[in-house]
Amino acid sequence: MPLMSDPLVIAGRSFASRLFLGTAGYPSQKVFLDALEASGAEMATASIRRMSLASYEESLADLLSGRVHILPNTAGCQTAKDAVLTAELAREALETDWVKLEVIGDRELLYPNVEELLKATEDLVGRGFVVLPYCNDDPVTCQKLADLGAATVMPLGSMIGSGLGIANPHMIELICARSPVPVVLDAGIGTASDAALAMELGCAAVLLNTAVSRAHDPVRMAAAFRHAVEGGRLARLSGRIPKKLHAEASSPEFGLVGS
Amino acid sequence: MPLMSDPLVIAGRSFASRLFLGTAGYPSQKVFLDALEASGAEMATASIRRMSLASYEESLADLLSGRVHILPNTAGCQTAKDAVLTAELAREALETDWVKLEVIGDRELLYPNVEELLKATEDLVGRGFVVLPYCNDDPVTCQKLADLGAATVMPLGSMIGSGLGIANPHMIELICARSPVPVVLDAGIGTASDAALAMELGCAAVLLNTAVSRAHDPVRMAAAFRHAVEGGRLARLSGRIPKKLHAEASSPEFGLVGS
Amino acid sequence: MPLMSDPLVIAGRSFASRLFLGTAGYPSQKVFLDALEASGAEMATASIRRMSLASYEESLADLLSGRVHILPNTAGCQTAKDAVLTAELAREALETDWVKLEVIGDRELLYPNVEELLKATEDLVGRGFVVLPYCNDDPVTCQKLADLGAATVMPLGSMIGSGLGIANPHMIELICARSPVPVVLDAGIGTASDAALAMELGCAAVLLNTAVSRAHDPVRMAAAFRHAVEGGRLARLSGRIPKKLHAEASSPEFGLVGS
Amino acid sequence: MPLMSDPLVIAGRSFASRLFLGTAGYPSQKVFLDALEASGAEMATASIRRMSLASYEESLADLLSGRVHILPNTAGCQTAKDAVLTAELAREALETDWVKLEVIGDRELLYPNVEELLKATEDLVGRGFVVLPYCNDDPVTCQKLADLGAATVMPLGSMIGSGLGIANPHMIELICARSPVPVVLDAGIGTASDAALAMELGCAAVLLNTAVSRAHDPVRMAAAFRHAVEGGRLARLSGRIPKKLHAEASSPEFGLVGS
C-alpha cells in the first residue's frame, strides 16, 4: 500500500510498527510466533519473573532475540523495591536497559499503585533504565512520570484483560495532548476498533496481549490489529471531519434532473 | 501482508474490498482519483441527478469506468416515483442495473422515507434493478427490504455527513445477525475506528463519502479507511475475547522470583 | 417540596404527572396498586386483547377506574386492521377514545411496523380516536404520525423490556425539538436515571412497565421513577450548564490566604 | 410522598439528604439561599481560603450556621502542607473538625495530586479531623484513603465544572462495591440524570456546585437534583431489572381476542 504512517521514536530507538505485543497466554509457541509475525510488531514484552526461572521462557527469550526487541516487564510486583530488583534481574539476563514498569496496588483489579510506581520510576531512571511505566489514565501522574524521566507513559484504557476498550477516551486525548513523551495505550483493548481509536486520540502506540493471545484465531487477530493501528494512525494524521449535530449532504443539490 | 479478509459477494459480483466510496465533495478531481486508489475501493457511488447534466460529472463517469464499478445513487429524491425515474435515467446513461436507492423524508436530517423507500424497492426490483437501499437502523424495515428483493440493506450509522459514527451499535449488530442479505453500513462514519467497529458488528461492507472527501488529507484518510475496514473484518473473523467486568492477568502468576 | 414541574396537556386533558405506567407483570394486584400510588401516575395502559376476555383483567379495569385514566393498548397486533379492530373493542368496553397504538413488525424484537402503524393511525384518527402511537426513534415517521393527527408520538428508547435505556439520545433530542405534538418516551427504560435523561432531552412524559413491575421492589421503584421524572423535567426547565472539555473551578481563586 | 430513602451516616453524623452543595458562583446570596432550601441539602461546602478573609464570606458562614453543616474545603491547595494549614485555619474559624480535602496537581484540569493527597489525609486524620478527600476514580487510591482513616472517599465523575457527568461508570461502581467507607461522587455532574446515575452505581451521596449555581435557574435546578438524588437512591434500593440484549414483552400473550 502506498501510504505508510510515520515512524515512532522512543528513547532514540525507531519503530516502524506502533503495535507492541505481549507474549503470554498463547495456545502454543508456534501460534505465538505466527501471531508475532502477522502483527508486524517490533517489540514484545514478557514477564521477567517467569522468564528468568522457567526453561520454557528462556527459550522464548532465545526465540525472540533477532526477531523483535524484548521489553521485560515487572508484572506481579507490588512495591517499588520489588520492581527495581526485578528490573535489575532482567537487565542482567537479557542485556537490555528497557523495562515496562508495573507496580500493582490491587491484585484483583490490577490497577497501579501510584506512589510506588513513581518511586520505582525515579529509582530506575537513576540506574540508567529506559522506563515505560504502566499507569492510570491520570494526567497528573502522567506528568510526574515524564518529569521523572520516563521514556513513555502507558495509561490504561480499562482493566487489564477486560477487553472493555477505552473507558475514558476524552481523558486519554487530553493526556496525549499534554504529554512531553510518547503515550502508549496499555491494557483494556478488546478488538481492532479499540486500537484504532487509541491512535486517533493521539496515542503513539498500543500495547496489547490478551486481545490477541486469547482470540479464537490469534494469528488472524494479530493481522487485524496491525491494520487497525496503521489505520488509526493514518486517520490521526489525516485530520478527520468534525462531528456535527445535524446531517450534511455529501454535496450541494445543484443541477437536479428536470430543474 | 499475509492474511487477507474474505471476498464479499453482492448479487453475484465479487469484491476484494469491503469499502465503497462516494465521489462528492473532493477538493479536486486529482485528489479524488488518488483517494480512490489509496482506498482500494472497487465500487464508487455518484449522484445521477448531477452526473447526467453536468459535463464535469460526465467526465467523472468516463474516469471511473475501467477503474471501479459505478454505483449510481438517487440522492435528493423524495418520492418512489422520482427515485424510479432517476434510476432508469442512470441505467440508460451508465449501462448498469445497480442502483443505490435513497428516498429522503426530511431534507434537513436526510433520514429515509420508509414507505416510499419500500415502494421504490419493490418497483425497481420488478424492473430488474440490483437495488441497494439506504435505510434506517430498523430491523423490520431491513427485513422488508430483503423480502422485496433488495440485494443488500444499507442502514445508517448516524446522520449523513455528521461524522457521529454508529449511534446504536447494538441494533446494527442485531440487524446483521438476522439479515438474509449483506448489510452495508451507510452514513455517519467519521473516522477509521467507526469503520472498524461497523465490520466487527457484522457489517459486510462500509460506504462512506464525507469522512474521506472532507478530511484535511483525503488521500491519506482513504488509506486509513482501507486499513480500518480490513482490520475490522479480520477482527470479526478472529473471534474477539469477551468483555469482562473484572481484570484478568495476561498469564497466571506462577514461578515468581524467589518463590 | 416547593417547586413543581409544569402540567402536561395531551388532547386537551391535563396531567400533573409525566409518568405513565403499564399494568402487566406485577407479582400481585396489591403490589400493582401500591406501585401505582407510589408512582403518582394518572394514566395506566393495559392490553385490551387480554383485558376484554379475562375476568382478572376486567376487575383490573374496575380497579383502575376512579384512580387513573385507562389507556387501552393494542399490544400484540401486527396489522393495521387488527389494531383498529382491537381499538374499537376497547372503546366499546372501556368507554374511552384514547388508545396506545402498537403495531408490531417483529415478534422477537417488538419493533413497530412503520407502514401498518401509519395506516392504523390514519384510520383511527378518522374514527375519532385519540391516538398515541408507539414508534421508532425515526424523525420522519414521527413527523408523519403528527401530520396524520396523532395526539403524541411515542418513540422507543430501546427494545421493549430490554432495560437498555435510551440507545440514541441525540436522535430523541432532535425528535423532541422538532415535534409539533408531545413526545412520550416509550420502551427500554431500565432505571431512574434513564427516565430523568428522557425528560432532559425534551420528552413530555415517559411510559414504562417492566422497569417497575419486574424490579425486586416494584413499589419503591415506582417512587424512584416518580422522583426521577420530576427531577428530569425540572432540570430541563432549569437550563443546564454546557458541557466543557476542560475543567472549570467553581469560583475564581481570589483572596487566597496569605496573599 | 410515602417512600423515603434511607439516611446516610458519615463519621457518626446522620443525614436525611444525600446531596451536598457547594456555595460558589451563585448570582446572588438570595439565589444561593433559595437554592439551598430547594435542594434539601444538610451540608454545604465552602472554600476556607476565601471565606476566612473576605467579609462577604464570613457573613456566608453566619448565614449557613443553623441551616446546614458547613464543610470547609481546601480548594486551591497544591501541597499537603498547604492543605493541612488551611484545614487548621478552618477548624479554628468555623469550629468544625470536618474538612473536604482537595490537593490539586494540575491547575488547568484540577485533577488531584495523589501523593500529596495521601500525605495530607494521614496528617489530618492524626490531628483529629474528619477527612473527606476529593480523589481520582482510582480504586487503589480510594482503598488507601480509607485505610488511612478517611471518613469517605470522593472520586471525581469527570473534571470539576465540566458537566461531562460520570466518565467511567463501571469503575465508580467497582469502587462503591469495594469501599469500606461511603463513596461520595464529586465533580463533573452536569444535570439531574448524572446524579441519579451516581446513586444507582452505589454512591452514598453526591456533591455538586456548578451544575446548580451556574444553571439558568439555580433554584429550580436545586429542586431537580433533590428529586434526582432521591430517585437514584430509591432505584438503587429497589433492585433494577437486568439489561437484556433482546426485547421482552411486558406480559405473555395469552388470551388474544378471537383466539
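So that you can tell them apart, the chains are marked A, B, C and D in the order they are listed, and the count of residues begins at 1 in each.
Here is the rule we go by: a contact is a pair of C-beta atoms (placed from the backbone, for glycine too) under 8 Å apart; a residue touches a chain by one contact, two chains touch by 3 or more.
These figures come from a predicted structure and were not determined experimentally.
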Shared interface numbering between chain C and chain B [over half = same, under half = different]: same
Relative to chain C, chain with the most remote C-alpha centre: A
Whole-Å gap separating chain B and chain C, where each centre is the average of the chain's CA atoms: 34
Cα-centroid distance, chain A relative to chain C, in whole angstrom: 46
Chain C and chain D, separation of their C-alpha mean positions in angstrom: 31
Per-residue overlap in chain B, given as positions that touch at least 2 other chains: 109, 111, 164, 170, 174, 245
Residues of chain A touching chain D in the complex: 105-106, 109, 111-115, 118, 136, 138-141, 143-144, 158, 164, 167-168, 170-171, 174
Of all residues in chain C, those that touch chain D in their complex: 1-3, 22, 24-25, 37-38, 40, 47-50, 52-54, 75-76, 85-86, 89, 108-111, 159-164, 190-197, 200, 209-211, 213-221, 223-228, 230-235, 237-251, 253-257
